[in-house]
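Presented sequentially are two complexes of subunit A, the first with subunit B as partner and the second with subunit C.
For the complex of A and B:
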């Protein structure tokens, strides 16, 4: 990834931060967005810098079209282009259907589905011009398997499957790869606050018998967005330990 | 002459003579709507005691069968019969859900309602080495899943190393480490409360009354101001707190609603554990018998004095113990200060009972999660009184437990789930008058010893403690009947 110009949405903590660190260690330039927590962002910035890449940092909601356009334009202005976009930012709400209201649906779909569309569209404008690039969607195993998951979250992550397929087909002719990685339970993010019995249940059903580390997912992501991935597009990789 | 009350036999059991504590056969009978225990000691004659004011409730409750959960380790052969072979013996039917560790014989009060024996001169303090042995036995017997331990005394804060004991228990992975206290030392030492908060300890504070007369009668001193100061500090340092009132008929039973209201308004108060007055030990054995109150009467007083916030039907037995020992209600809290909603208003009593079957307190298990899921769907699809508000409160709880877009730890999430609800436990201990071996061999609360021995708490309070040098200035001896003859001849 030497010199590869990468933008990660939701990069201030959890898997997003791990992606930034892995990209930086692989020699990439890193930019990331975050939505609210300035302290987390400052911490992530310092860690990524220590890993070898002084990052560009942007605050805003991924569901805000102006923020998406402005962020991508600024990255391109500073670095002369954009090679990699990782649509990582996402939100989850633990809600059964009975408690799931329209505003909950709209919020989750806005962040998890509309956000990746907005950022992909903004980035592809430059990638198409450059005739190269990689987009990586961060899905979830709840769109790959029939498991207990909030309906709006599962639907939003399933939307990314369709977006991946459609974009892969539409921009493949420009040498741009669009793929999706669907992690299982991780040691970060919402997984880290699930009750122990949910973790135990996952482990009991998973072939490898454990949850994943964010670093394991990031290692696969490095390959998917690197020049070494020259012929994989439209792929959906479930990294769930074998559910 | 009016109609003669007729007795209807409910069951027969083994009890104790209230005077010599020998095992005696006892009949439990319904007389009109009351339930009485009747027994005869060869030497001390006929004895009877009223067990309940509601025979229908008593029989219906007693008919429930706890989930079988025998102790992990049997430490005593059956030789003399229940309750004289505690260790536990092979007859015991429940494993320990509430391990009680008596760490000191020293106490800074001399309460007229005290149901244990204490010794201040040459006081006993459990050593750290003994506690570690005891802890090791408990952890092994619980298969590494020891979720709860309770320190008591005497007054456990008078033990010079009790903070170290808390640390040791926390290091052993115990989730709930509680200290039963009268709160006097805590009221006077703010730094100690702060330290307890840092250690994640839980305080079980005895609190019986707001009234001076009742305070003096029950505590033997005016301690209300100190209790209030203690509560203030526990709130200030956000220490998870259980309020433990002892209920007596005619002295403080009219105050139970006020005590519950106070605790419901305090964010750090997690539980209430209401005990019925017990006539044993250094104080209780001579307390005025007119104040005896039965389990169902306490439930009635709760309903009367909380304005129906809690009804008698909101309580279920614990599946971990004899059904007459615990009555349990859980309340879903309204963070905006509205009236809490008892779980039984949106969840069936059977479901709540089932959710309590693996632990004495509700834990965030898969079973509880499914119960909530089904209850939410039921209220949503079938409606019901206060249904929309209940759903809104449940949604609020889920948002606190799993805050969207915010990373919290599993421990923080668990704490948020615990803070979303409060529990009212009514616990009826037995004394030599009400002693019933049917209840004793299904007890899940036990006093624990460094050699691994465990004794159910009522057996311990009534029979065992007074025989121990650690707690009695002049220890009593086992008498002929209890020491050498089977209790079931």
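For the complex of A and C:
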């Protein structure tokens, strides 16, 4: 990934931060967005810098079209282009169907599905001109398996499958790869909100018998967005330890 | 010292990682306002600036009461010792005097938590009477030490810890006949809450209280009133709820807001002759029951400030506000298919709810088969209230009740808003059935 210009949404903590660190260690230039926590962003910035890449940092909601366009344009202005976009930002609410309100649905869909659309569209404008690039969607195993998951979250992550297929087909002609990685339960982020019995159940049904580390997912992501991945697009990789 | 802001930023996650992951997960799952980072006018404020009214009850004086904080600051700015190797603490002495003057008792033992105070009372009773049996009531909650747990209602707070303290027997709530049958000359004490909080905001019936007072006197057993929830004016009926009982309990236990919400503090109050009979035989006995920090000055300073705040006028205000809250709840919730009744006194209020008649509003459907059959309504109502900026909890032993214990200085108009909000949320839940 030497010199590869990468933008990660939701990069201040959890898997997003781990992706930034892995990219930086692989020699990439790293930019990331975050939505709220300035202190977390400052921490992430320092860690990624220590890993070898002084990152660009942008604050805003991924569901805000202006923020998406401005962020991508700024990255392009500073670095002369963008090679990699990782649509990582996501939220979850553990709500049973009965209590799931319209505003909950709209919020989760806005961040998890609309956000990747907005950032992908903004980045592809530049990638298509350059005739190269990688987009990586961070999905979830709840769109790959029949499991208990909040309906809006599962739906939003399933939407990324369609978005991945559609974009892969449309921009493949320009040499741009669009893939999706669907992690199983991780040791960070949204997974940590689950009750212990769900985590235990996951471990009991997973062939490897454990949750994944964010670093394991990041290692695969590095491959998927690197020049070594020259012929994989539209792929959906479930990294769930063998459910 | 680590910067406060840094702790507020990272400490919530560290709690889940290093203290109790299940508490952190439960709070997160239920949507409780967890990341509260400031206080304002007695309320909590979360990281997004949302104000949250805490109805749990422990912070009766409002979060971070300025008068208690000022007293503690004044003490810290002095050079007085906080802990006295001899245990003869002038601050504990002054606080005990003030408490005794306020309540009519004449001896105080201090500790940190309500459980500590309960434990002290059980040991006092056995040491004084040298009798083995201890009676308590079904549905009681007295804390989590071994003595307290022995008196706990069966369930997850009780069952894992057997064998329990021998000699403990439960009396069915309010059952005078059962109490009469169980009372013998070998009973050291009967421990009761004037109003059971976790048991469902159940006020001890007057006939039972009368029998309790009479039978404990007749059989020479100590009457212990666990007033951890009901004291300090919470019920609007005096500094102690037991002031209106036919006779003063032999032992009364205080905790929760006794330290002003800033310092853990509990107290056991009793009669001097009882204390001397238990522990006054010689110098060794004098320290038979003790804890290292029983008499620390910081806690006493917080307690003194709390006593200054809880005037008769404040208690009168609690009585008035409690009547408003109960009236508003009864009026506004009437007619809701999910509403059963309002219970309690003063600012100790329970809303009894009927279970919703729909399979998708059950613990089984939510993925908690181990809770099958439990009334889900209090939990659902609390989850909805969290979204509206209120923290309330189901009663621990009866999940059909939401318990509300506002701070004493809550503006009266907020009580109306609480009742209105509860009705709106019950209507919402009704529409799901």
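Everything below uses one rule, namely that the second predicted complex is superposed on the first by the 242 of 243 C-alpha atoms of A that agree within 3 Å, B and C clash if a C-alpha of one lies under 4 Å from a C-alpha of the other, contacts with A are read in each partner's own complex, and residues count from 1 in each chain.
Operating definition for what follows: contacts are C-beta pairs under 8 Å (C-beta built on N, C-alpha and C of every residue); 3 or more make two chains touch, one makes a residue touch a chain.
Every value quoted in this text rests on a predicted model; they were computed, and no experiment measured them.
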Subunit A as common anchor, with subunit B and subunit C clashing or fitting: clash
Partner chain in contact with A:213 - subunit B first, subunit C second, else both or neither: neither
Partner chain(s) touched by A:14 [first = subunit B, second = subunit C, both, neither]: first
Touched partner set for A:35, first subunit B, second subunit C, both or neither: first
Subunit B versus subunit C as contact partner of A:196, first or second or both or neither: both
Comparison of subunit B and subunit C by subunit A residues contacted: B
Contacts of A:229 with subunit B and subunit C, given as first, second, both or neither: neither
Which of subunit B and subunit C A:94 touches, first, second, both or neither: both
Touching both subunit B and subunit C, residues of subunit A: 36, 93-94, 96-99, 192-196, 198
In the complex with subunit A, residue positions of subunit C that touch it: 5-6, 9, 16, 21-22, 25-26, 28-29, 31, 47-48, 358, 360-361, 365-367, 380, 383-384, 432
In the complex, subunit A residues that touch subunit B: 13-14, 35-36, 91-99, 107, 188-190, 192-198, 201
Parts of subunit B lying in touch with subunit A, wherever the complex brings them together: 364-366, 369, 373, 376-377, 379-381, 391, 394-395, 398-399, 401-402, 404-405, 407-410, 412-414
Residues of subunit A touching subunit C in the complex: 36-37, 39-40, 93-94, 96-99, 148, 192-196, 198
